[in-house]
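Have a look at the structure below, then the notes.
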Amino acid sequence: MAEPVLKVTDLTKRFGGFVALDTVNMELNDKERLGLIGPNGSGKTTLINCISGALTNEEGTVNFNGEDITQMKAHKRAHMGISRSFQIPKPFGTMSIIENLLVPMEYAAWDRVDHRNLREQAMDILELVGFKDRADENSASLTQVDMRKLELARALAAKPKLLVSDEAMAGLSGSEVDEILEILFALAERSVAIIMIEHIMRAVMRFSERIIVLDAGKKIADGSPDEVVSNPDVEKAYLGE
Amino acid sequence: MKTTRKISFRNWMLTGVLATGLAVSSVFAPVAKAADPLKIGFSMALTGPLAGAGKAALIAMQIWKDDVNKAGGLLGRQVEFVYYDDATSPSKVPGIYTKLLNVDKVDLVVSSYGTNEISPAMPIVMRKGLVFMSLFGLAVNDKFNYDRYFQIMPAGPIPKDDWSRGFFKLAMEQSPAPKTIALLSEDADFALSAVAGARRHAKRIGLKVVYDRTFPFGSPDVTSVMRAIKAANADLVYIGSYPGGSVGLVKAANELGLKAKMFGGGMVGLQFAGIQKNLGPLLNGIVNYDFWVPEKTLNFPGVNAFLKKYQVAAKGKGVDPFGHYLPPFAYAYLQILGDAVTAVGNLDQKKIAEYIHKTTFSTVVGNVKFAKNGEWATTRTLQVQFRDVAPNDIGQFNKPGKRIVLYPDSVKSGAIQYPFRK
Amino acid sequence: MKLDKFWISVVVVLVAGFAFTKLVDNEFYFFATYVVLQGLVMAVAWNILGGFTGYVNFGSAGFFALGAYTMVALNKAFGLPLPVMVLIAGTLSGLLGLGVGYISLRLKGVYFAIATLAIALVLETVVNNSHYLGGAAGTYVIQPKESFIFDNYIELLFMFMLLIAVVATAVSRYLSASRLGMGLAAVRDDEVAAECMGVPTLKLKLISTTTMGIFMGLAGSLFPFFVTFVDPVSAFSLLIAVNSIAMPMIGGTAVWYGPVIGALVLGVVQETATVTISSELNLLIVGVMLVGFITMAPRGIVGLYEDYKAKRKGQNNG
Amino acid sequence: MFTPELLLNAVVAGLMLGSFYAAVALGLSITFGQLDIVNIAHPTFVILGSFVAYIINENFGLDPVLIGVLFMPIFYFIGTTLYRVYYASFERTGQESLSGLAFFFGLMFIIEVVLILTFGVDYRLVEADYIGQTLHLGPLDFPYRMLVPAIAACIVTGAVVLYMNKTFMGKAILAVSQDRLALQLMGANPLQVKRIALGIAIATAALAGALLIIIQPVEPSVGRMYIGRIFAIVVLGGMGSISGTFLAAILIGVVESIISTFYGPSWAPAVGFGILLLTLAIRPQGIFGRA
């Protein structure tokens, strides 16, 4: 069996006295589509922050592509191919849409992109999210759903091996959720492993090959969507006792 | 991130703006015309921390100009001022004097008010070899040794020491003689120099320095300083301070019941009527420096006529209403320059300087003779003691009897009250 | 192509400046232009941090004064050749900038701004209490007699400052037009997102603060020879801090030529006001222009011009 | 020269000075700490308050503290108007951080210069019977010049704390800084809340200004000396916690007083800023702030 692209071992993260993550273990295979769910405050965002490097954990290790990246800074991890979108969109507001994509291309993907035709490559990605004709629009004035799309497009522009999508659909309407889901499927087809954090169960169930459930900082389930749904612990965590 | 075309266009625009900037400055190009009036140029602190004094000086200077022009001008030419506001900022001074000399082509220059605004003009004035009458610069010429520099403040030939000479002479005449002294200085040029002089006197005389500190300029909390001074329990308390600090210290000394025998020295601000009125009886007994007070012994020819004009002109200008401290000297430094120009008969700077060096001038501030370094040949820094000051009466300070001159003997108008508080 | 035109303008400006010293002997112009150029260097330097990365430096006067007082100390202690002392002064200010860059690790936004203000005030207190540097009373610096190939010392200072201004502008332009500039802009827009997009934010911020420090120090380094009398009040002048913020804001902070335009406009207006109206009005002018521009034209003169151009383009098309 | 009596008096003086600092910092604590409005012009509004006290005291002989209180409504109105401008120009467009800062910077200059053009740069003072008198309690001295402002400062700080904790609007102001969701749940309009909060902040400047001119003579640019000090106090106090601000003000006051009594006052300002820099480096949420 091939080496997993991401391997998290015994990861524990504390904020003061509060244990946000408690000895979490997880693996992710190449090109796998993983759903990460759990109630509010269960540690999902903390976990992906530790993976992407926005936070560093003092206990446990994070391995990516067989390399220990636990102490690595976020921008180095981005160089290695970890890319993420943000739950609350963080566009580079003074830049146009296409310039937003050029930043990760010039930095995170510096070693991986062909520098002769960056703009064309960016346009390819914009086409994927439907921004082909809006490349020079200012990014600060986009609608919520368009911001989410830009988040994903920008994450993809980093040419990642692992893409983390943090609640890209929260607060969107049904048809908008489908639009985003389409984009995520298209990304997965580009040989990218994806971790999707989502509250919208319909989307998670449809998208994920495998689902991990966190509750109060602990991993309580890890398996196929059907297994997870029928897991009594998960039910308890979501519905209370 | 920007397109090529845009950037290149803007480069040219930038060049254009630069060129325009240079072009705009050439608007000030001198307009050649017959120099009919005689132009005297200077910078003056009309805004900024020293503006109160600067504006008062300007009023006095304009009175001199009117007096001279009424009498036919200098060398038969009407006198005209060209002046710019230096905002009490030394960094503006070099530019102003260069403009005065190169663009406005003034015939004579005089200084702005205060050490920090005088010094930066020195290199420029020296390069042109001009006579430089200076208004209240403390020992500016120590560094430059310029033989055409003349300073009107009556500090004396060794300005930093002469400043407090009287204070210590008075102190040592008392019996029993004081043994200890506390020194305090606000942290800025004049105050530091004044206290440095006092420190040397103390050492020379053999007084024990029991407190010697500085406090930051404009500090709101001088009470704690005064408390420490009181605890030091010195016979003499010599202070160098600026108006804000002076007011705070006088109040604190009263609040805490300072027990010193002599208190005062180099406190700027106690010479101004507004502050005098506010402090009122708190001033009584304080011995402080001054330059001119309305005592009979200082009734020099022309001074009362001048002050009358000044007090009319000063109304509503936000300056000291009586004008005892600085204005007579601002009048006098032009008076001396005018007399010298008239005597020499032309604008030959070398001859004017020589004339000023060898002459004793009779001015509204008395007879003035300069020492080799351009300071007064003998000190006439007054030590005055506040007496019988009543509350809430500004008019009393325009009359004799409130500020008794104790030193120098030549103009003494009364005896010291010692210790300063009964 | 674009490189060529910029460098041609640089050469034109330098040659014109040199010709200026040879053709004009009215010293006033050099004094006035020197002050404008000093403001320009400060504005460009401030913008390298403030405009490009969004970190506001309130303590510009501290960097300026560090440059100035380094000169005072070096001149007094060793009396080295002017360019050597200038370089040392720039280096020291650059190091202070580097330190400030590390502060940005912990302090963002307003906290950072206040920290820079605090640093300037601590420096001022140190100078106030340093007798070697003249303390609060200030100290004299005598201009050297010889002035290289120039007729007098002010022409030398003018040319030197012009050179610094050109270098600062070129560096600022390089930073903004390059890959670095894109990274800096990303830091300004969203530091967390920038880091996750692979931008080494700390490194870029350190480059930015250090460059800013160097140029502010260089701007200050000539000051003692310019005024010949340095005291803390003028070296740490609040006007320096205000101008270095106001000039980029008026010109436009997003692009390298914004502070250049702002400095030229505000500088020329101020110098004109100094010799025509009064200096206090000068401060009022800065205040009113600053408030006016940021409330009504937040992208500065550059933004106004772009809007105007866009509007005209729209009319032509429509 | 160290005596217990001197130390005691230095501490007492520091307490009084610190209370006064609290009155000056109070408004900034509300604007900067709670509303995220970096009103660097706050000390200038304080100076404006001083000049109002000066004019009224000079012409009508009213007590400066009374003048300060009387003018609070007018300053309140200035504050609410200011917020309207601020909101329309910056907050609405999301430009508040950099531009807002520069806006207040410019405003500071405008107010200062207008004051200078109107009143000149001479030091102005107020007159009141108690100025110059001292209350002696055993070995302790309480100059009324310090004591009256200190008491007034404590009262106004207490009033603001009560208002914040006991009234609906006060709680809404606290919620603006801490919890936007709670604000929505309370049904308060954030714009109105912020407008009122800025009004209150500027209103405190009217009183603080009157207190300042009791303590020391004032000229238009005196305010600059307070910028650093009060920002230090607000940051030390933990941004927006009124009681934290008060404690921080007391701390700075006492430290400055002890330093200037025993070590020499010229280092006192650096000590204040040193504490600030250290705090920022080690504990950015302030000494008295929430973790």
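For reference, chains read A, B, C and D in written order, and residue numbers begin at 1 within each chain.
Simple rule for what comes next: contacts are C-beta pairs under 8 Å (C-beta built on N, C-alpha and C of every residue); 3 or more make two chains touch, one makes a residue touch a chain.
Note that this is a predicted model, so its numbers are computed, not measured.
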Length of the shortest touching-chain route, chain B through to chain D: 1
Leading chain pair when contacts are tallied as C-beta pairs: B-C
Centre-of-Cα separation between chain C and chain A, whole angstrom: 42
Rounded Å distance between chain A and chain B, as computed from the means of their C-alpha atoms: 72
Computed distance of Cα centres, chain C from chain B, in Å: 35
Rounded Å distance between chain A and chain D, as computed from the means of their C-alpha atoms: 46
Shared interface positions of chain A, touching two or more other chains: 95, 99, 102
Chain D: positions in contact with at least two other chains: 116, 266, 269
Residues within chain C bordering two or more other chains: 125, 128-129, 182, 185, 280
Complex contacts: residues of chain A adjacent to chain C: 52-54, 73-75, 78-79, 83-84, 86, 90-95, 99, 102-104, 106-110, 154, 158
In the complex, chain C residues that touch chain D: 50, 54, 56, 103, 106-107, 109-111, 113-115, 117-119, 121-122, 125-126, 128-129, 238, 242, 245-246, 249, 253, 280-281, 283-284, 286-291, 294-296, 298
Chain A-facing residues of chain C, complex: 179, 182-183, 185-186, 188-190, 192-202, 254
Contact set on chain D toward chain C in their complex: 32, 36, 38, 85, 89-90, 93, 95, 97-99, 101-103, 105-110, 112-114, 116-117, 224, 227-228, 231-232, 235, 266-267, 269-270, 273-274, 276-277, 280-281, 284
Chain D residues within the chain B interface of the complex: 1, 3, 5-6, 9-10, 13-14, 17, 116, 119-123, 125, 127, 131-134, 141, 143, 145-146, 212, 215-217, 219, 221-222, 225, 256-257, 260-262, 264-266, 268-269
